[in-house]
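Consider the two complexes below, in which chain A is the common component and chain B and chain C are the respective partners.
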Partner chain A sequence: MEQKQFDKLVERQTPKPVLFVNILKAFLVGGTICTIGQLITFFYIRFFSFTERTAANPTVATMVFIVMILTGTGLYKKISQFGGAGSAVPVTGFGNAVISAAIEHKSEGYVLGIGGNIFKLAGSVIVFGVLSAFFVALIKTILVKIGVVSW
Partner chain B sequence: MKIIKYVLLLFLLLTACSNETDQVMYPSNDLPELKQVLNSNEAVYGFKGIVDKDDVLVSIDIRRMNQFKENKIAKKITKQLEEKYPDKEFLVTNDLKLKWEIEKIMKQELKTEELTKSVEKIKSLLKEET
Partner chain C sequence: MISSLITSFVVGGLFCVIGQILMDAFKLTPAHTLSTLVVFGSILDGFGLYEPLIDFAGAGATIPITSFGNSLTHGALAEAEKHGLIGVITGMFEVTSSGISAAIIFGVIGAFIFQKRNTTY
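Let's turn to the complex of A and B:
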């Protein structure tokens, strides 16, 4: 059997992904997650002293915390199997990546297992965020000191 | 089961926000030109405000498509108002927090000292950056 023939055979045998249904599922799951996040934002604005601008930070923290608990109980696995990218792209995917790596390597011990692997997937996100925030703040500080812009 | 799905989808698609808009100032509207300035701006369809001595806090409702440039609109209105009333200090924003705080103050009908206290608190909140 030649390579081309084999490729044709494989193509015939593999099931076609139902693109539209997958997109719809991702839309619904991602939309639901974002709606919950918006409700939490409103909750923080209403009952605590946060404005629209400052309420984003506690909202993200709360969402990540909720998803960490869901991942620990195994519920988020079901959600992400159904929703695909809709559950991975929002900030909830970050919490899931941290905790699932920790659970995976639990058997290797607390320090070398969990400690060494907990940020295996999400570590690059944290490093990039901290580093870019540092440099942006540095540039802004210099610009303010020179007098180009004001705080 | 299928019917339930369709009904849920209908609810998702057909419901919309419908907040009545109003144009009110608290305790009283002694700035007649404020209404004029705000009504002359097409992007603004409602406002709520508080007047406390020299401080004027105005919460504006901006039309959906204009919300991309909400900061610009708020800044422009602040400038226009400061030109009309140079002795007052204006704070114009479309932040939800201000709107809800103003509604709370109106409901409790705060007077003089308490009003000044809560106005100062709101001002420091809106200046917060982090």
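Let's turn to the complex of A and C:
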């Protein structure tokens, strides 16, 4: 009984400060990653023929390349221990999940190990992204066809 | 230039704050959090709200994983506008190829270069 009361007390007392600190860390780390992305975007607009909107694609590819080095050297693990969602939500977290799965399962062979497990951690993002995009686009297309909304 | 760096910092940071709240307050795993955010981004684009956000925040909106859901939906809608319902399926990966292809390519290259350590993820 006393132990239960103690647990309740702990549960009631601890989450708030931890939540706030975690949110602050996530904001700082995530914001920094996006600012680096913005700098890379400037680079592609300035030196290659990309516009504000099309520069997103090469920016993402460049950031995934940087993450490959950070993941392989183990640095991204340290960033994500500090940043929490701040390092998981940007596309770098997606890249880290894919690349670390590839490195992790290399020993099982190239086809079954790398090929079979590369989307082990990040696959859910693709699956639910595609599913929700399908339903959103389907609903909107039907609504446009029957004249409720316009493109 | 400085102002767009600041907006991308703030908007990108806020997306991560939403993710952190989902993880801490709603006790979701990272995979659940990222899936939720992708669905969130795709719904935002269904209402036509994500492109204005990209115009405003630049990389602050294109770097978080929500932009993946946005560009999937955007490609599907653009193709559906041209070819009707079948475009919903054919257009899906039209815009967003780079994130997945880069992840696969650099994932395999990384697996060639780097050795397994217990700290990669």
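Keep in mind that, in the parts below, the second predicted complex is superposed on the first by the 105 of 151 C-alpha atoms of A that agree within 3 Å, B and C clash if a C-alpha of one lies under 4 Å from a C-alpha of the other, contacts with A are read in each partner's own complex, and residues count from 1 in each chain.
Operating definition for what follows: a residue touches a chain if its C-beta (ideal position, glycine included) is under 8 Å from a C-beta of that chain, and two chains touch if they have at least 3 such contacts.
Since we're looking at a predicted model, the values are computed, not measured.
By the touch criterion stated above, A:Val29 is placed in contact with chain C alone, chain B being left untouched. In the superposition on chain A, A:Leu112 contacts neither chain B nor chain C.
Using the contact criterion defined above for the overlaid structures, shared-chain residue A:Arg46 touches chain B, although it does not reach chain C. Of the two partner chains placed by the overlay, neither chain B nor chain C lies in contact with A:Leu9. Taking chain A as the reference chain, the count of touched residues is higher for C when chain B and chain C are set side by side. When the two structures are aligned on the shared chain, A:Gly95 is found in touch with chain C, with no touch to chain B. Overlap of the chain B and chain C interfaces on chain A: residues 42, 52-53, 57, 151.
Chain contact summary for the complex, chain A toward chain C: residues 15, 18-19, 22-23, 25-35, 37-42, 52-53, 56-61, 63-65, 67-68, 71-74, 76-78, 83-86, 88-104, 106-107, 114, 118, 121-122, 124-130, 132-134, 136-142, 151.
Those residues of chain C lying in contact with chain A across their complex are 1, 4-5, 8-25, 30-31, 33-35, 37-39, 42-43, 45-46, 54-55, 58-60, 62-69, 71-73, 75-77, 80-81, 84-85, 87-89, 91-92, 95, 97-104, 106-111, 113-117, 119-121.
The touching residues of chain A, when paired with chain B in their complex, are 42, 45-46, 49-54, 57, 151. Interface residues of chain B, counted against chain A in their complex, comprise 95-98, 100, 121, 125-126, 128-130.
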